[in-house]
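Scrolling down, you'll hit the structures one after another.
Below are two complexes that have chain A in common, paired first with chain B and then with chain C.
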Partner chain A sequence: MGAVILARPGRSGVLSSLQKAATASSRTQCRQNHFHPPVQYRKQELPFRAAPTRSCRLYHSQFHPRAPTHEYTNSQTTILSAALEHIPSHGFTLEALTLGARDAGFLDVSVQLLPRGEFDLILFWLASRRGLLRAKVEENQFESLRSVSSVEAKTKLLILERLKMNQDIAHKWQDALALMSLPSNIPLSLSELHALSSDILTLAGDSAVDTAWYTNRLGVAAVYASAELVMTSQKPHADFAAIEAFVQRRFEDRTALAEKITGFKQYLGFVGSTAIGLGRSWGLKI
Partner chain B sequence: MEMLTVRRSSVRLFLDFLAPSTLRSCSRHYASAASVPPSTAGTKPLYILNKRQREYLDSALRVNQAGELAATLIYTAQTPQVVRSHPHLRPLMKHMYEQEVGHLNTFNALIAKHQVRPTMMYPIWEQAATFLGWSTGAMGREAAMACTEAVETEIGTHYNEQVREILSWEAEAERRGEELDPELKEMVSTFRRIRDEELEHLDHAVENDSKEAKPYDPLVNVIRLGCRVAIKISERV
Partner chain C sequence: MASRSMWRSLHYSAKRRVVSPAQYRCFSCSLRAQDQGKTDSEKMTHFGFTNVPESQKESLVGAVFSSVASSYDTMNDLMSLGIHRLWKDHFVRTLNPGSPLARRHNETEGQGWNILDIAGGTGDVAFRMLDHATNVNHDRQTRVTIADINPDMLAEGKKRSIATPYYNTGRLSFMEANAQTMPSIPDNSVDLYTVVFGIRNFTDKQAALNEAFRVLKPGGVFACMEFSKVNNDLFNAVYKRWSFSAIPLIGQVVAGDRDSYQYLVESIEKFPSQEEFRAMIHKAGFMIPGRGYEDLTGGIAAIHKGVKPLA
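Our next item is the complex of A and B:
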């Protein structure tokens, strides 16, 4: 166990040497970069956030980047990131969390640090994949994205890239979906889906500033969620081409629906202008 | 202990943004030197916005966009009717409309740049603004100008409050030996410029007999109340 202290909720622990070092380096780095040093906790207290907070999209700029959707303590992050490696074999279970805790050098009982248990692991998986997708694009590791210019094509590529990240755990994803569909978990699950669709559209360069902002996010969320569901019904390690074809069909459906709506709006516009013209010809002051 | 350190660094690429702020090193995504352009790196430290201030800017940009959308649509609906009976007003209506379109484009760009959610009431405000413009235009030139006066009074007041709020942050930053970031400074000057142009529209409306509208007081008060309600709704929804 050494320097790693197990911090239980409601108990005061001592900051480990790792945390002290991280805090110190963070403080000096922040001072160099003209940012306020982080809050200093008393030595007896470990910063503990029991549950991830609901995502809230606020004003964002290069000077004021958006705060992370879910914040975990260092211990929680360590356990959860170690547990990710056990998901393909053990699924989103308490067993995977326990093995993750062991790998990270914690006691088995330290999974009590995660009040939501398996659902915390699911949220962490979703948030970490989203972070990985963002990092891939921002650090120019996504070659195929640069070869396309349209927002729709980029969106499709990003959805497929995110789905590829689920390939190793697709056979375990149905259990995760079952947990996510519990009434108490639905708000956070939908919040995470919204965060993903929002990130995908932002990375794709979508600049909608009207009602399309909502319809685009709804469309991406629907395509992604349905493709994810199709993935779970496939055989393990099945050919990804079927998923690509499915996503392509969904995008074609979206385009067709958009065209129908546009056509209907144009029709209403023509009828309206004709009615106004008729009214004017009858002497109405329109 | 060694293993723990190695594990943490191996997953840093995509898990840094999940760690708590106390332990998060100033990475690329969060408050880094890369975030600050070289020109500002040697001067005063930057004033960091808190959650409340970011929420304020979020709702301010959302409301401003909705307001400019409404103003543009009001002029679009008013112009044909006003110009038909008063052709000499065509240049004025065109000038005011073009300025409003410029303001709307400015806020559309800011909304996209700062990843702010537009108001959910967008389609409703579109219909309401078109109806308001059309109905006041049908009531005559004076009513159309009274509508402009009422709307611009509310919008001007609202911009004033926003400028005052951001300037209070600047004063607080100076007290702490810090400074606002260039984007915010530019935003304040944009708000000021747009406010002055809106108040110029108000002057034009008064010059063109907005006070002669029948009935003046009920019309202006109802429109101003509607604007205040729309602002409150757009701030939240």
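Our next item is the complex of A and C:
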């Protein structure tokens, strides 16, 4: 997955060449994605879609339609959505899936529709919550988000909003984390975490195009994942203020760390230029 | 199941004295079948690498299997190096038969699963499914109907069932039936339809898939384990060498019947690839979960699944 390129074409030499390189590589590698209708319209034509797959689109822009947060078929979505209701009582288990299938009018055996079993339930939970967050912002239902202006403040609000969705299932989340940490499940779990941090930053209006793109996403992912972990160790229905304070502290840590790095860079620059000046004054040809 | 067909073919020699010899010399049968006046309009199908009229294949396959019955565990283990047991265990474990949760009070009827095991004559998979339902899911309601076209294979399964706790209970029943038309089974009555190493031998596979679609309840699952195509060229070379040289030889030495084993490996070669068979399942009307199939041991066998849609 390449970087999001938000700059308009031809803004500067470096950027436009970067963009050319990106579009050229995407043209060669994912031609079909470029010239075909968006994924949601093609769903019916492809009966054998493996859910959820990672898209091979290398070039992203605000002009592309957003990919849906998950690629499950209608029947799978019906069972999974019904199963979500049973997570607070049964956790991320086959029982929840079976009960969901029964609620949706399917048989016990119909959970075979989900080849990954419980892990599909976890992925669907993550993807659907991400979709809810996205919908809430895009449909302007998130009042407090408009009252703040900085990207960082918006990011913090979005992380907290996403964490609030976990409140009902926090006591079962450890089981899910255990399943997600199985070696075969790690790649999909990490890509979902990346998708979440990427969505949060995009919704917050982050427009970084340099290495900050990576560090921002890494930072958000780290803050979110650690807060999630703290939530699992809390008692059920504990005060959410503790989590808010935790996230606040992590953001302060991040700022502090960024300041230290900037300070250290300034210090190095100062010492370096002093050393050069000293050398020159001694007659060295630098 | 590698084992089941091998098993059947292997068993051939043991019963040879009982059945009339002309019936199961499959090669001589097929030759004779071709000699006999067949009308030009008759549709042909393959029997191993030979082409035979569709009306003949059933009796030819029956001839291969009708003599086979009991002492083949050794032969199956020899041919698959014991792996067929792991495949069957895995198959049953992923299907997870049996309901671990009690039905809610408003759903009184339909306790347990109604499982139909096609071509399951010797009961290998049926007993495994009942064991799994009972011991893992504590479900004592789930029942299995073993259907097979071949009465000799069914007799073998009945004999083996005496040693299981399900003998003479309502949970296990036997039925002689052709999987392409099963009028005795009503529409929408089966939770899980399994066919393990059997569909390869059917004359019209699509008709059997359509019949499976008919008998399954909406939401019911079609699950099939069958030999398939190896996806690694190097491994494929080794596997082909083993199946075309070693297996007929083992059959000749251990069971004294090379032709049946020759049929076994040829029918494996003729069976459609994973993608083609998945398309056939989809054509019958099933929803395909995920990729639709799971390769076992590099694609020697594959588990295919389809789910009947609700509406």
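Just so it is clear, the second predicted complex is superposed on the first by the 209 of 286 C-alpha atoms of A that agree within 3 Å, B and C clash if a C-alpha of one lies under 4 Å from a C-alpha of the other, contacts with A are read in each partner's own complex, and residues count from 1 in each chain.
Note that contacts are C-beta pairs under 8 Å (C-beta built on N, C-alpha and C of every residue); 3 or more make two chains touch, one makes a residue touch a chain.
Keep in mind that what you see is a predicted model, and the values were worked out from it rather than measured.
Participant: In the superposed arrangement, does A:Gly105 touch chain B (first), chain C (second), both or neither?
Facilitator: Both partners, chain B and chain C.
Participant: Once the structures are superposed on A, label A:Leu114 by its partner contacts, choosing first (chain B), second (chain C), both or neither.
Facilitator: So A:Leu114 only meets chain C here.
Participant: Applying the touch criterion given at the start, work out whether A:Thr73 contacts chain B, chain C, both or neither, answering first, second, both or neither.
Facilitator: The answer is both, since A:Thr73 touches chain B and chain C.
Participant: Just to be sure I read the superposition right, which of the two partners does A:Tyr59 touch: chain B = first, chain C = second, or both, or neither?
Facilitator: The answer is first: A:Tyr59 touches chain B but not chain C.
Participant: When the two structures are overlaid on chain A, which partner does A:Glu95 contact: first (chain B), second (chain C), both, or neither?
Facilitator: The second partner, chain C, only.
Participant: Between chain B and chain C, pick out the one touching the greater number of residues of chain A.
Facilitator: Result: the larger residue contact count on chain A belongs to B.
Participant: Considering only the touch criterion stated at the top, classify A:Arg249 as touching first (chain B), second (chain C), both, or neither.
Facilitator: Neither partner.
Participant: Is A:Arg280 contacted by the first partner chain B, the second partner chain C, both or neither?
Facilitator: Neither: A:Arg280 stays clear of chain B and chain C.
Participant: Using the superposition on A, tell me which residues of chain A are in contact with chain B and, in the other complex, with chain C.
Facilitator: The answer is residues 47, 73, 105 of chain A.
Participant: Which residues of chain C touch chain A once you look at their complex with the stated criterion?
Facilitator: That would be residues 95-97, 99-101, 107, 113, 191-192, 217-221, 223, 278, 282, 287-292, 294, 305, 307, 309-310 of chain C.
Participant: In the complex formed with chain A, which residues of chain B make contact?
Facilitator: Touch residues, chain B against chain A: 1, 3-5, 7-8, 11, 13-26, 28-33, 35-36, 41, 44-46, 48-49, 51, 54-55, 57-58, 61, 65, 108, 111-118, 120, 122-123, 138, 181-184.
Participant: Along chain A, where are the residues that touch chain C in the complex?
Facilitator: Touch list, chain A to chain C: 47-48, 50-51, 73, 75-76, 94-95, 98-99, 101-102, 105-110, 112-116.
Participant: What does chain A use to touch chain B in their complex?
Facilitator: Spelled out, the residues of chain A in touch with chain B are 2-4, 17-19, 22-23, 25-26, 29-30, 32-36, 38-39, 41, 47, 49, 57-68, 70-74, 77-78, 81-82, 103-105, 124, 127-129, 131-132, 134-135, 138, 202, 207-211, 213-214, 285-286.
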